[in-house]
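Next, two complexes with chain A in common: one pairs it with chain B, the other with chain C.
On to the complex of A and B.
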C-alpha cells in the first residue's frame, strides 16, 4: 500500500514538473503557430541563471524567479516579435527555433563550459529536504514545482476561458478574418501569450536549476518527453497538459518502481508512439479547433 | 522511359571524369605524398554527402521533414559494430545487413506514421525524433545491444585490394556517396520523383490525380533508411568507439538538415553542395578550436537559409552558375598558391564563390549571358529542376519535356489537380 501511494506521489510530482515545462510550448504551438524548440534553451538558460545567482551570488534559489521569470518572458516576447516580423510559418518556426536552440547551446557551452554545475547542497534546502505526509516522502522541490504547475496551468486556463484576452486569442485562432473584423488585435494578444509562455520557461528553469546538475546539453534528454506531453495534451489546453503530464508521469513512476528505472524514459516514449498511432490528435482535445477550409 | 533521357551523355561524361579523378586521388597521394589528412577529410565529405542525400530524398523530395536520421544512421552503426566486434564478421558483409536494418526501421516507422491520415508535417518531424530517441534509449538500456557502456570496434577484415584503413574508408565512402547521389538523381528524373514532388506540393491533389502516395512514401522512406544505415555502418569504422551519444545523438539530424536546407532541398545535388560547404567550414573552424563558435555560425546560417533562401544555394547557382564557380576557382587558386593547405584554400574559395553568388543581379551583366540554353523555369529562386554546369543544363533541357516541374504554377500537375 505504501509502495503504491509512494509511486502515485512520485508520479504526481513528475507530472507537475512536466506540465509546467510543457504548458508554454503547448500555448505557443496551439495559439501562436510557433513550435518553439528554443523553449528548451530558455529553460536551460534560466536554470543557469538560477545556478549563477545562488551559487556565486548567494541568493536563496527560489527567490531567483524574480529574475528568471521576467527573463523568460522577455525571451518569449523577442521570439514572437521575430516570428511576426519575418512571417514564419509553423514549419519554419520549428527549423528556425531549432537553429536558435543550437545557438543557445553553443553560447551556454562557451559561458559555463561542459562541466557539471550544481548549486551546493547547503545553499539548496529545497533539494535536500522532503515533504513527509504519513508514510510518503516527496522531495520538497518537486512538491513546490507541483504547486507552481497547478497554479500556472489553472491560471492559464482561467485566462483563456474567462478574460477578454483569452476570448480574443481563441477567436483569432479559430477564424482570423472574422476576429480581426470584430477588432481583435492579434499582434498584441499574441505578445501576451508569448510572454506568458516565456515566463513559464523561466519558472521551469529555476526548478530545474535546483533539481539537476547542469550541462549545456542536459536539456536534450527532456525534449522527447516534453513534446510527448504537449502532443498528448491537446494543443493549448492547460487541463489537457496536466492530464497528459499525469499519464506520462505515472507511467515513468510505475516503470521506475516496478521495473528497471533506466527504462522509465523509454516507457514514456512508447506511450507517445502508441498514443500517436491510435489517437494522433492527442489524448485530450485541443482547446481551439481551427477552422478548416 | 528512355535511358538517354535520364542519363544525357554529356552529364554522364562530366561526372565520370570527376569520379575517376576522385578514384585516382589516393594513388596520387601515394606518389606525391600530399597530406594524408586530405583523404580523411574527403571521406568525411563523402559520408555527409551520403547522409544528407539519404535524408533529402525523403524529406526534401516528399516534404516529410524528418528529425529521425539518427535512427537509421545509429542503427547501421550498431549493426556493423555488433556484427564486427562480437561475431567477427568482415566489414563488407556487415554493410548490406546494416542497410537492411535501416530499411527495416524505416519500413516499420513508415507503416506506423503513414497509415495516419491526419498526421501533419510537424507531427511527422516530432514522431521521427521520438523514434530515434526511443531506439537510442532502448540501445542504451538493453545489455544485448549496448547497455550504456559503449562498444570499442577493433580492426575489421576487408579485402586487401582496398589498401590501408584510410584508403579503404575513402573508397567505400566514395562508393556509397555515388550510390546515394545516383539514387537521388534517378528518383528526381523519374515518374516516382514527380510523384514525390506532387506529394510535397499538395498531398490531397497528388492523391486525386492518381499518385499512389502511401506506396511512394513507404518506398522512399525505406530507401532513405537503407542508405543512411549503410553509411552509418561504414562510419562506425572511422569512429572506433561507438556509444549511444555518437549513434543516436541530435548531431546527425542537425547536420543533414542544415546541409540540405543550405544546399537546397529540391535538387539532387543540393545536399552535395551543402555537405561540401558545411563540412569544409566545420573542419576549418573546429580544427582551429572554435567548435562552439562554429555551431553558432552554422545555426545562424540555418536560420538565415530558412528565412531568406527558400531554394537553397543550388537554386541560386542554377540561375547563374558561372560567376560563383569562377569566384571559387580564383579564391581557391589564389590562397593555394599563397601557400595555405588545400582545405583552407577550398574554404576561402567557397567564401569568395558564395559572396559572388549573392551579389544582386543588377550589379552583373545581363543574366542571360551567363546561362546557356535559356533561363531555368520558375527561375525566381525556388530551385526546382535545373543543374549548375553546362552538362547538367543540357540534362535539364532534355528533362524539361518529360518531368513535371512541381513548383511552377503552370505545371501540368497543378492544372490537372484543379
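On to the complex of A and C.
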C-alpha cells in the first residue's frame, strides 16, 4: 500500500512540474495563436539566471523568482509585440520561435559555455530534501512546483472565466470582428496573456535551475513531454493542462515503479498517441470552444 | 480557428517535438541546426623557444627547441562544439589547442609547424562523417584526430578507413565495433572491457572487510553503458561473448537483487531511487554517465537512503563532488588523475599544468584533468609518436610503427595488439571520493599517497 501511495504521490508531483512548464505554451497557442517554441528558451534562460544569482551571487535559489518571473514576462511581452507588429500567422510563429530557440541556445552557449552548470549542493537544499508525509517522501522541488502549478493554473482559469480580461480574450478568439465591435482591445489583452505565459516560463526556469545540471541543450529532453501535456490538455485550458499532466505524470511514475523504468517516457508518449487517435482535440476541451457552446 | 487547422498544427508540433526527442534520446544525438562553425587554430606563429619538451612521446626528432619551418602539417578533426555532447567535448577542444600549441612551441612535428582545424559536428554522427569526408577530400589534411562521442567516432572511422587514414580516437566505448586496422584507441580499457572492467571493480571491493555480497544495477541504456553492464550474447571478432557487470557479478559470487534501466535524458529518478532503497543491496552499481549519478544520489537522499557502497561508470567528476555527503565513498574507473603515479607518466605534468590553466580561463567548473582529458592528450601523443617514429606522413608506415612499438603516454605505456583489434591491456584504476576529493585507491601500488579503498562509513 505504501508503494502504491508513493507512486501516486510521485506522479502528482511530476504532474505539477509538467503543468507549470506547459501552461504558458498552452495559453499562447490557444489564445494568441502563437506556437511558442521559444518558451523552452525562456525557461532555460531563467534557469541560468537562477543558477547565476545563486552560485555566484549567493541568493537562495527560490528567491530568484523575483527576477526570473519579471524576466519571463518581459520576454513573453516582447515576443507578442513582435508577432502582432509583423502580423505573423500561427504557422509562421512556429518557424520564427524555432529560430529564436536556436538563437537563444547559441547565446547561452556563448555566455555560459557548454560546460555543466549546477548550483552547489550547499546553496541548494531543495535539490536533496524531501517533503515527508507519513511513509511518503516527495522531492521538495517537485512539491514546490506542484504548489506553483496549482496556484498558477487555478489563477489563470479564474482570470479567463471570471474577469473582464478573460471574457474579452475568449470573445475575441471566438469572434474577432464581433468582439472588436463591442470594444474589446485584443492587442492589450493579448499582452496580458503573453506576459502571464512568459511569467510561468520564469517560474519553471527557477525550478529547473534548482533541479538540473544546466547545459545549453538540456531543455530539449523536455520538448516532447511538454507538447504532449499541451495537446492532451486542450489548448488554453488550465484545468485540462493539470489533468493531462496528471495522466502523463502518473503513467511515468507507475511505469518506473512497476515496470521497466526505461519505458516510462515511451509509455507516456504512447498514451498521447492513443489519446489523439480517439480524441484529436485532446482529453480536455479547448477553453474557447467551451465558450462557443 | 476551426478544428481541422488546430489538428494540423497539433500534428506538426507533435511530429517536430518527437523528432527532436527521438534525436535527443537516440544515442544522444540532437538535431541541432546551429551553424556549421569551424574553429581554426593556427598556432604556427606561436614559436617561442622553450626548454626541452619532456612530454613528446618520441624525442628523436632532433632539436626540439628549434623553430618549426616549412609548410605546416595540417591535422583536422571534428568535435561536438554544440549539441548534447558539447559539455564534455569542450575538454577535448581545450586539450587539442593546448597540445598543438605545445608542439609548435617545441619545434613542431618533423620540424614543421602544425596547424589544427576543428569543425563542429553538432553532436551528430552523420555530420561528423560528412566533415571528415570534407577534411580528407577537400581540405586534404595530412592527418586526422578522432571526434568526441561513440556515435561520431564510429561514423568518422568509416570515412578514415575509406581513405586509409590513421585514426587515433579518445572516447569510443564499443570496443568490439572497431575492426579498422589503422584505428588507435586511447580509452585504453582493453578489447574485452565488458569482462575486465567489472572484474576489476568487484575485485577492488572484495579487498574490503565489509565486502559487498549483493548488488543492484541501475543502467543507462546508452550503448556504451549497456555493453558494460549486460555484455554481449555473441562474441564478435576477437571479443569474448558474455561478460557485462551483471554476469561477472554472479560469476564472482555476488547476488544480483535488482536490475533497473533508464533512458538517456532521464531527469526524474524518484521511482528508481525508491526501488534501489527497497532492494537495499550492499553495492549500488550505476552504469550511468554524466550527471546520472548525481541525479540518482539526490533522489536517494530524498528517500533518506545512503548506499553502503556505490560505483559509477562514467560520472562527470565535478557534479559528483558537488553532490555532497551522499557521494562520499563513491568509486569509479579512471585512466588519468592529476596525481602520482599519473603525473610521472610521459607528459602527465604538462597536461596537468596546461589543462588546468586553460580550463580555468575557459570558465569550466571542474578544472582538473581526468579521464577525458587524459584520453584526449594520449590520442595526440599517439599520433605524434607515430609520425615521429616513422619520420613520415605516410599512413601505412605510421600505423605500422604504432603497432610495433610501445608508446609512452600520460596514461602509461600503450602496446597495441593487432589480434585484439588494436586494443591492449585494460590499464584502468579505481578512484574513490574521500574527504570531498577524488583519489586513486586501487590497485594498491597505484594508489594516491596515503589513500586506500574505503568501506562503508
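Everything below uses one rule, namely that the second predicted complex is superposed on the first by the 289 of 293 C-alpha atoms of A that agree within 3 Å, B and C clash if a C-alpha of one lies under 4 Å from a C-alpha of the other, contacts with A are read in each partner's own complex, and residues count from 1 in each chain.
In this text, contacts are C-beta pairs under 8 Å (C-beta built on N, C-alpha and C of every residue); 3 or more make two chains touch, one makes a residue touch a chain.
Just so we're clear, the structure is a prediction, and the values are computed from it rather than from any experiment.
Enquirer: Sticking to the clash and touch definitions up top, decide whether chain B and chain C on chain A clash or fit.
Expert: clash
Enquirer: Touch test for A:121: chain B only (first), chain C only (second), both, or neither?
Expert: Second partner only.
Enquirer: Does the superposition put A:150 against chain B (first), chain C (second), both, or neither?
Expert: neither
Enquirer: Would you sort A:136 into first (chain B), second (chain C), both or neither based on which partner it touches?
Expert: Touch partners of A:136: none, neither chain B nor chain C.
Enquirer: Using the touch definition from the top, say if A:277 reaches chain B (first), chain C (second), both or neither.
Expert: Only chain B; A:277 stays clear of chain C.
Enquirer: One more residue to check, A:257. First (chain B), second (chain C), both or neither?
Expert: Only chain C is touched by A:257; chain B is not.
Enquirer: Which holds for A:74: it touches chain B only (first), chain C only (second), both, or neither?
Expert: A:74 sits against neither chain B nor chain C.
Enquirer: Just chain B (first), just chain C (second), both, or neither: which does A:96 touch?
Expert: A:96 sits against chain B, while chain C stays out of touch.
Enquirer: First (chain B), second (chain C), both or neither: which does A:269 touch?
Expert: Both partners, chain B and chain C.
Enquirer: Quick check on the superposed pair: does A:231 touch chain B, chain C, both, or neither? Answer first, second, both or neither.
Expert: Once the two structures are laid over each other on A, A:231 reaches both partners.
Enquirer: Among the partners chain B and chain C, which is in contact with a greater number of residues of chain A?
Expert: Per-residue touch count on chain A favours C.
Enquirer: Where does chain C run into chain B after the fit on chain A, at 80-88, 98-106, 134-142 or 440-448?
Expert: 134-142
Enquirer: Enumerate the residues of chain A that count as touching chain B in its complex and touching chain C in the other.
Expert: Overlap of chain B and chain C footprints on chain A: residues 35, 90-91, 94, 98, 102, 105-106, 109, 220, 223-224, 227-228, 231, 260, 262, 265-266, 269, 272, 276, 280-281.
Enquirer: Which part of chain A faces chain B closely enough to touch in the complex?
Expert: Touch residues, chain A against chain B: 35, 86, 88, 90-92, 94-96, 98-103, 105-107, 109-110, 220, 223-224, 227-228, 231, 260, 262-263, 265-266, 269-270, 272-273, 276-277, 280-281.
Enquirer: For the complex, which residues does chain C have touching chain A?
Expert: 1, 3, 5-7, 9-10, 12-14, 16-18, 20-21, 24-25, 30, 32-35, 81-84, 86-87, 89-90, 123, 221, 260-263, 265-268, 270-272, 274-275, 278, 290-291, 294-295, 298-299, 301-304, 316, 318-319, 322-324, 326, 362-365
Enquirer: Looking at the complex, which residues from chain A come into contact with chain C?
Expert: Answer in residue numbers: 3, 6-7, 10, 13-14, 29, 33, 35, 90-91, 94, 98, 102, 105-106, 109, 113-118, 120-122, 127-130, 137-140, 142, 173, 211-213, 215-217, 220-221, 223-228, 231, 235, 252-253, 256-257, 260-262, 264-266, 269, 272, 276, 280-281, 286.
Enquirer: For the complex, which residues does chain B have touching chain A?
Expert: 65, 112-113, 115-116, 118-119, 121-123, 125-127, 129-131, 133-134, 137-138, 140-141, 148, 249-250, 254, 257, 261, 291-296, 298-300, 302-303, 306-307
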